[in-house]
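Residue numbering begins at 1 within each chain, and the chains themselves are lettered A, B, C and D in the order written.
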Amino acid sequence: MRGRVVTLATARPRVYVVEAPGGRYVRAETHRELDRRGWQPAPSPASADALLIAGTLPDPLRAAADVLWSQLPGPRARAEPTAVSSVPSTLDGLRACLRDRAGQLADRRGRELDEATRWVRSDSARHDETDHDDMDHDDMEMAPGGLVLAQGAPDRDGLEMDALRHPLGPLLDRWPGGLELVTTLHGDVVVEAEVTWWEPPHPTAPPQTGRADDLAGGWDAAATVLSLLGDERQARLARSVAPSSPEVGDRVLRRLDRLTRRGALPRTAGEVLHTALADSVPALISDDELVELVSGRDLGDVRLLVAAHAPLLQGVVDASGSLDD
Amino acid sequence: MTDPLADQLARLPAAALGAVLALGLVLVLAWTASVSRGVAAGRAVPASMAHAPAEAARLLRQGRRTTLSADRLLWRVGGWGLFPVAVLLIALVPVGETALLPGSLGVVWANALDVVVWALVWLLGWGANSVAGLVGGYRFLALALGYELPLMFALVAPAIAASSLDLAVVADAQSSLWYAVWMPVAFVAYLVGVLGFAVSGPLAAPVGSEVSDGALAELSGPDLLVVRAGRHALMGAGAAIAVPLFLGGGSGPWLPDAVWVVLKALLLTGALAWAAGRLPTLRTHQLMEPLWTILLPLVVLQDLVVAVLVVSGS
Amino acid sequence: MTVETVLLVASALLSIGLYGALSQQVVVMVMMGLELMIAGVLLALGGLWWFLSPDPSGQVLLLVVLAAMTVEMATGFAIATLLHRRTGTDMTDMAAELHE
Amino acid sequence: MTDSSLVVDLAFWGCAVVAVVFGALVFVVDSMARATYALAVSFVATGGALLLMQQSYLGVIVVLMMVMEMAVMAVYMVMFMGMNPALMPMSMVHSHRTALGASLVTFVVLGSGAVLVPWPERRGAPSPDVTEALGRAIMESHMLVMMAVGPVMVATIVVGVALSTARTRYDRLGDDLDQTPTDPPLRGETQRGGRRRDR
């Protein structure tokens, strides 16, 4: 009975898929393989059964990956496939690991529950020097958890709001590998952003080049955007599009255009996807242009815009080959 | 002194049976919503039917995620409160002879219960102490202000037409023509409200995928399971309340009243969940204008039309 | 439940609210004290109505109290926002200093 | 009195204890969210007590309004206090003793009044449907009251918006109100004559 429940529970594990710098192709293949199996990607580490980091992480990001790993509630499994061909066996391995009762028990016993807490403590110690004095409530600078409290700043409506530094990436699902976008938020609106790129430890060659791959990059971006909009059905279609199936491509494109018209998708994102898929390869985006693109947007829009422009970002292109190849 | 108490005690078994039936109905409705959602997302019907049990098994096996300085009390209240609200809503629906919680103010109670969802979803986002959760919680309040007023005025229309706030009376008043037919705007506004408090379809921005599922971002295991079940249950409960309000309650040929109520609720839940699965999630700031400047005035106009017709008819 | 007990509970609510309204520094907390006081008034009126003279006009008075409460809250929030926007303050003490 | 069964008594004391305890918790707990929702619970219990006194409509309206209002209140709390969900020790009181004394005196005076005053017997009987009686009252004999409340509410909405917002519609769209709104609504600082941003 217990065995049957475990089989049912692990029939379709939810995998939190993160792209390492240069891991674009492995990540795209992972999503396609998940589709083939009918598994769903997890939207956040909290609800995920498995963590999959596509590609090779540079050493400085290893610690961050461990923090991410500590956020999986367990039973949990972890893998880092580095080649497109190893993706199916990796996923099989993840499921086997989730079904291994003895292994999961051992993992639970050996867990340090407060990895994230320790990380924040050491992080806030670093921030301490930069904290400037606040007039009235000095004693409230720190919460008991050791978190740094936000400082106020006027928002776009002229009302003082908390300004919160919120990093997006570098280890985030449906996010270009290696991109770290540190945003300053007023509520959920990004007012400032800084871009950092993490280099892959060794350059990875794209598995194929040429026009077919250019389009694949566009369809991959379209799939990510659709998935971010919660439309997994169309996202699956977009991922399955090969340049040889124009009807499916047309359907996805029409859907994207409709979403743009209805305002579900920021217009810029819709336009760049349309251009990439229907007309020609759009121009690359520099880091400054990326900052310009996201500032003044709310957090959700930022995710959609970055996803739509992912194949055009300078850092992604440097790490894994480009549409221009 | 003992007589009323004994009276109350004598009614306990019947009430307990009713509560179990209501709970069962909520579970069936929630499951219907989940299946319909799966079909809308492109899964085959058998796979959609198996989806809810498999996810339940998976989440029951999963542990609890802890976040730093979470307000655990409020967080859990927010999550575990959704499903009971759905059960209470179902208890207001007259099935057959009477509702589990009958009363002359059923319509107002339904409204009060859906307002409780405001508090719960916000607490859910707040309690986790995470950016995604907070964004989701605040998005919900913004949307709630937008959908709640049209929803309230939509509830007013059937009450005016039936000159009663009692759901059973409202249902009986529709023997000749369903209110959904002659007050379509109110019906649509009500359904938008249901999507709103079930946090799905075009109004799903508070749990939007693009902010890592927003208010749900830090939930795991059984806590996530009850919230997901609660959202489906709220959609089912909203549809069930629409049956006496707009769809003629238990009226229908051949079958007994109770069966018709359940059947209509199941069909509406399925349709609503399918639509919610197909319609895109709209961004919060894009929804504000249509909700406040188009839907709300239209519903108020609908109320006026209904009131004028009722007065001139009597 | 008698008229005495209802009024006793109502006066407890009113007194707690009064404490909050007098002692709190943050505008919103003062408003919460006021709300609690109004809850006491509502309960007292409700009890008096039910136990002494249950005719409809008493209920109208309760409805007016409820309406007054919403007006108080809405205006209070608006003024608090205005203060915050103008001066960045949310404290009654600082608001008092404004006219000096 | 007439309907004082044991069940009603128990329910009333339950509501009373919850209302008072959570009312006190508002000024005791350490977080704004908890304070706000403690007040909401207190109000729900007050609404419950009103329900027990057969004022179903007012009771349910109190529950509905207060849960809604507290949900909004929590936003203001957090906005003005700038707090994260952490349970943070906070004490933001002035003249604590005076306030405590004043409230204690009030309680003693009012409470002893409640207990000592010889309350008269009930005059008249409640109508069978209290809600309907209320409706008839506000639509017939006391219509003037409701007619006055309506404009006051509208005025409150206008005043509230006018006081709290810094923008007008001209900020958003400039003088030409036929333009399609910008997306996002405004960028950067508040700007007069809203520059259109084609994105």
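Observations on the structure shown:
The rule we apply is simple: a contact is a pair of C-beta atoms (placed from the backbone, for glycine too) under 8 Å apart; a residue touches a chain by one contact, two chains touch by 3 or more.
As the structure is a computational prediction, the values presented were derived from the model and not from experiment.
More contacting C-beta pairs link the chains of C-D than the other of the two pairs A-B and C-D. Every chain gets a centre from its CA atoms, and the centre nearest the mean of all protein CA atoms is that of B.
Distance from the subunit A centre to the subunit B centre is 32 Å, each centre being the mean of its Cα atoms.
Taking each chain's centre as the mean of its C-alpha atoms, subunit A lies 48 Å from subunit C.
Inter-chain spacing, taken between the CA centroids of subunit C and subunit D, is 8 Å. Counting partner chains per residue, subunit D has residues 57, 61, 72, 79, 84, 86-87, 166, 183-184 touching two or more of them. Within subunit B, the positions touching two or more other chains are listed as 69, 138, 285-286. Looking at subunit C, one finds that residues 81, 84-85 touch two or more other chains. Remark: subunit B residues 40-43, 47, 53-54, 57-69, 131-132, 135, 138-139, 204-205, 208-213, 216-221, 224, 280-286 touch subunit A in the complex. By the touch criterion stated above, subunit C contacts subunit D in their complex at residues 1-20, 22-29, 31-33, 35-36, 39, 42-43, 46-47, 49-57, 59-60, 62-64, 66-67, 69-71, 73-75, 77-82, 84-85, 90-91, 93.
By the touch criterion given at the top, residues 1, 4, 8-9, 12, 16, 19-20, 23-24, 26-27, 35-36, 39, 42-43, 46, 49-50, 52-55, 57-58, 61-62, 65, 69, 72-73, 76-77, 79-81, 92-96, 98-100, 102-104, 106-107, 110-111, 113-115, 119-120, 122-127, 130, 133-134, 136-138, 141-142, 145, 149, 152-153, 156-157, 159-164, 166 of subunit D touch subunit C in their complex.
Partner subunit B is touched in their complex by these residues of subunit D: 5-7, 31, 33-34, 37, 40, 56-57, 60-61, 63-64, 67-68, 70-72, 74-75, 84-87, 129, 131, 181, 183-185. By the touch criterion stated above, subunit A contacts subunit B in their complex at residues 5-6, 8-14, 38, 43-47, 49, 71-75, 108, 113, 116-117, 120, 143-145, 147, 164, 166, 173, 185, 187-188, 227-233, 236, 259, 262-264, 298-301, 303-304.
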